[in-house]
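Okay, so chain A shows up in both of these, paired with chain B first and chain C after.
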Partner chain A sequence: MRIEAHEKKVGVTLVAPALLWTLAFFLIPFAAMVWLSFSHMEGRDIVPGPDFGNYIKIFTDDSLFRGIVVSLEITLTVTVISVLLAWPLAWIIAMRVPKRWQRLALMLAVLPFWTSYVVRSYAWALVLGQKGVVMDFLTGIGLLAEPIQIMATRSATVIGFVHFFVMLLTLTIYANLVQLSPNYMRAAQDLGASAWQTIRLVVIPLTLPGVITGAFLTFVLCIGDYITPQILGGNNELTMPQLIMLQLGRRGDFPMASALSVVLMAIVTLAYAGCARWLRMDRV
Partner chain B sequence: MRYLSWIYLVACFIFILLPVGVLVVFSFQDGRLPVPPFNGPTLKWYAEITSDRDLMAALFNSLLVAAISSLVALLLGFLAASGLARVVLPGSTLMRALLIAPMTVSYLIIALGLLNYFNNIGIRPSLLATGIGHVVINLPLCFAILYAAMGEHQRNALRAARDLGAKEWQVLALVSAPMLAPALGAAFFLAFTFSWDEFIIAFLLTRFDVTLPVEIWSMLRSGLSPATNAVGSLVFLVSVAVVVLLELTLFRKVGK
Partner chain C sequence: MYLKSTTALTVAALTLAATPSLAAEDLNALIWCDHADPKLLEPFEEAHGIRVNVKEYEGTAAGLALLEQSRPGDWDVMVIDGVDVGRLVERDLAEPLPVEEMHTGDYFPQIVLEDNNTVDGVTYGVTEKFGYNTIAYNKANVDPADMESMKALWSGKYDGRIAIYDYYLPVIGLVGMAQGVDTADLNADNLETLREPLMSLKAASRQVSDVVASQTSLATDEVDILVGGGEWLTAVLNADNPDLDWTIPEEGGLLWSQSLVVLKDSENKEMAVEFVKYVTSPEGQARLATSECYWGMPANSKTADVLSDDEKAVLRWDDQATYLERAQLYPVLDADLDSAMQDLWTDMIQN
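Moving on, here comes the complex of A and B:
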């Protein structure tokens, strides 16, 4: 018994610093933020709550509610496009590229990860601008008579996001594909399935857990990101993170920023609940 | 089908590598705008940024914050993982969940929570405040990696060391840490990268001394410029060099 008590004491001592840190700099600030979301601003002062004013305003005020819709639309578009682009890419790297070149192909496919996130968005602004290389190329070969506006629209935001998440998803789906035993595919072919049938009926269902995990990650990271829409998206429509930053910047309205954050968290939690039974975070 | 595969592969690689390629190429642009036509190579933008005091200070700040916050996160994560892998404590599951929790919250929300909290307890926006924030986001990562790396065979070795009379700190420093060296290296490297590249926490929690991503952000406000390309390319080339180096040394061993 004494040994066990001693073991427990040592265990607690070891865990304590990390727990205290998390408590002091994550849990308490987080709880304070949630509490703050139930108060509101009058002029420059915070009127302590609890009241639901901010939440009612979020769901009734057009410009705020529009942020939720815009965020959801962009995030869902990005998630779907990214999965559709990344799956074939991961499959080609895993199945078509010779084994010894796979590592190199994979490293190339995620190379831009190593630029800074801010710089990556800036690079897309460079590429997609009116005078950028894409427009230069398309007008040069005569496909377009004159440059069209992509920068500072939702398309630019989506392209910037898709670029990042295709890399991420290719990694997770590739990891899933190489774990599959080739026997499954051999069996399907022996039983008379065509190549396409094998992919559709055997390989895709087997990679579904990896795909859903990756898609969930994409959803979470995309809907919470401020940088990409801020640099690429222009001012015509604002996403939730942009609205949160706007509340902080313009009026110092912490309660409203907090309420928007809580709504953002709630959306992520709902998404998690929606795909929880497929999520295997440990298998990524 | 086969040709289609290769065409698709090449198309994807063009899409993925295009922005980085354009970024690097036009950092050598001899002109004021980093857009076509390309006016021939020059290194003047690199000369300009390396003599830019603010930028170099921000670079140094970033390195400092990343190094210190990653070390703190690594140490806290290592101790916590050692503790939780060793004995079953009452509430172990809850503790694990609490330690992992910050990973599920977006950086913006963590930053907002800390900004409000620091305002209230009187910690001013600074590199210290940013460093604290970076430990918060990297601690779950370090903890998860190290906890997963502590297997049964490790537990036996630690027990043996204790039975042979090693003190607690000796067990941790002389047996556990060396056995976990690859995982410790990987965790530190990941934490360093995340901190180095982190924008929103640093943006909200710094004021006068800023980190590199925040400095780059303020460069963007003055529009497109080859100087920004040069900074971006420099960061990219250094990161790639580090990755290649690690690939050739650390991760090669882990893979085997």
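Moving on, here comes the complex of A and C:
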């Protein structure tokens, strides 16, 4: 009995710093943000709530609601493209590259992580520009008669995101693939499955936790990102983080910025709920 | 009280990062990027044996948030949009300036801008730099004759080659001027009449961009025209590409100005005033006018004696009398009209 109490005390002591950290730097600020989201602006002053006006405006004002739609469209597009590119890449590294070269291959795959996110975005701005290497190449080989606009469009934002998130997904899927016992694939082939059937019916389902984990991380990071759409999107449409920055930096409307942030967190929570069944971080 | 505490928590991270290290020999300044140039700060630091700590901010709302969430006395001076000095005074954050010690007697008369800097007869700010939000363009790709009127922007000739500077006040002001609405007459009623031309302008444009993105786009030929641009944008690029030019079309342009304010809670007011005097002196003005972040006209006309001929040529020193005649001031907005203009701006971007 005494030992149990002692162990409990030790457990609480060990967990306490993490709990305090979470309380101080997540729960209290989050509660403050939620509370502030129910306030509203009168002129340039914040008036305490409770007031649901900000939330009503988010879902009834075309420009604000469109921010949610734009964010979801971009994020889902990026997530799907990244998964489609990352899975074969991870497969090749895990299954086709000799063991001794895998580390080097992975290092090359994650190389973009080593450069500044802002610098990488500006680099894409130059690459995708009218006189960038992409247009030079496409017009040079005669595929295009004249340069088309990619920079300052949603496509540029998606390309910038995909470049980053393919790497992230490759890591999570690779980690899942190398944990798979080769016996599963041998058994499938012994039972007459073709190579494609083995991948489709055995390997892909078994790597689903890694894919979903990576996809969820991609979703969360992408929907909350401000830099890439700001630099590459040309401000031709606004995502939720851009709208939040607009409220903070230009309008000084902290209540609306808070409400938009709460909606953003709600979307992430819904995404988590949808993926929870497959989310096994310990497998990654 | 509760609200204040909540707001404080919300921006705690920002302010913690922004709060300067305090020391008696420090001067702490909330600034725009042009004041971060060592060429401007070092002569003052050496002359007074003091260190100037600077924190850059963008947008008056962000600056006010930083200020209000800092401890009293954290900041000594602040650079602010000329039209927003009154917002500092409203919040009791600005200290009256000993105007007789400033160099305003040597100012271009149109740039003293008493309406901006003075409230109830008390001067709280002093203009330090000004310029124009107008049309910047690449004359290698654009016929300068076309830029003599803003009508060219809606003509279709330059569709897809236009960028819009991402600041609602000057661009809505310019669109208004193109439609015959003076900035001083902007109100909730005539604002709606500007919706259609603003949306058409967006449709003809490639992007809506901040300073860096605008400069990059002009420099890399992504766009050829920047609506809202001016000398502040093209001057720093001039050495690399002399084709990047600017003009004030026949409809006019907007005069922007930035003011320097001593903050009421400053614990080093004497040095803060010295800093204002330095920045508004011809030497300080010359360094500020040609700051590496962006150039702009100095408010003090005696700066002509310090600037080189080349620098004056880039700033169009000799044309200022004509330009000032054709420029209109930024609209001074109440909170409701400001909100309506920002709503319109957001609609423009999202549609």
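Operating definition for what follows: the second predicted complex is superposed on the first by the 258 of 284 C-alpha atoms of A that agree within 3 Å, B and C clash if a C-alpha of one lies under 4 Å from a C-alpha of the other, contacts with A are read in each partner's own complex, and residues count from 1 in each chain.
One rule holds in what follows: contacts are C-beta pairs under 8 Å (C-beta built on N, C-alpha and C of every residue); 3 or more make two chains touch, one makes a residue touch a chain.
Everything quoted here is computed from the prediction, not taken from an experiment.
Q: Is A:Leu248 touching the first partner chain B, the second partner chain C, both, or neither of them?
A: A:Leu248 sits against chain B and chain C alike.
Q: Could you say whether A:Gly129 touches chain B, chain C, both of them, or neither, answering first, second, both or neither?
A: A:Gly129: touches chain B and chain C.
Q: Please indicate which partner A:Met151 is in contact with in the superposed arrangement: first for chain B, second for chain C, both, or neither.
A: second
Q: Can A:Pro29 be said to touch chain B (first), chain C (second), both, or neither?
A: A:Pro29: touches chain B and chain C.
Q: When the two structures are laid over each other on chain A, which of chain B and chain C touches more residues of chain A?
A: Looking at chain A, the partner in contact with more of its residues is B.
Q: Check the residue A:Ile227 against both partner chains and state whether it touches chain B (first), chain C (second), both, or neither.
A: Once the two structures are laid over each other on A, A:Ile227 reaches chain B alone.
Q: If we overlay the two complexes on their shared chain A, which of chain B and chain C does A:Trp114 touch? Say first, second, both or neither.
A: first
Q: Tell me which partner A:Trp21 touches in the superposition: chain B (first), chain C (second), both or neither.
A: After superposing on A, A:Trp21 lies in contact with chain B but is clear of chain C.
Q: Under the contact definition given at the top, report the residues of chain A touching chain B in one complex and chain C in the other.
A: Chain A residues touching both partners: 28-29, 32-33, 36, 122, 125-126, 129, 131, 231, 248, 254, 258.
Q: Which positions of chain A touch chain B when the two form their complex?
A: Touch residues, chain A against chain B: 4, 7-8, 10-15, 17-19, 21-23, 25-30, 32-33, 36, 85, 88-89, 92-93, 96-97, 105, 107-109, 111-112, 114-120, 122-127, 129, 131-133, 136, 163, 166-167, 195, 220-221, 223-227, 231, 241, 244-245, 248, 254, 257-258, 261, 264-265, 268, 272, 282.
Q: Can you list the chain A residues touching chain C in their complex?
A: Residue list for chain A touching chain C: 28-29, 32-33, 35-36, 39, 41, 43-44, 46, 48, 62-64, 66-67, 70, 122, 125-126, 129-131, 149, 151-152, 230-231, 234-238, 243, 246, 248-252, 254, 258.
Q: In the complex of these two chains, what residues of chain B are touching chain A?
A: 1-2, 5-6, 8-9, 12-13, 15-20, 22-23, 26, 33-36, 76-77, 79-80, 82-84, 86-87, 89, 95, 98-99, 101-102, 104-110, 112-117, 120, 132-133, 135-136, 139, 143, 148, 168, 196-197, 199-200, 204, 212-213, 216-217, 220, 224, 228-229, 231-232, 235-236, 239-240, 243, 247
Q: Under the touch definition given earlier, write down the residues of chain C that touch chain A in their complex.
A: It is residues 2-3, 6-7, 9-13, 58-62, 64-65, 87, 160, 166, 168, 206-210, 213, 216-217, 220-222, 334-336, 339, 342-343, 346-347, 349-351 of chain C that touch chain A.
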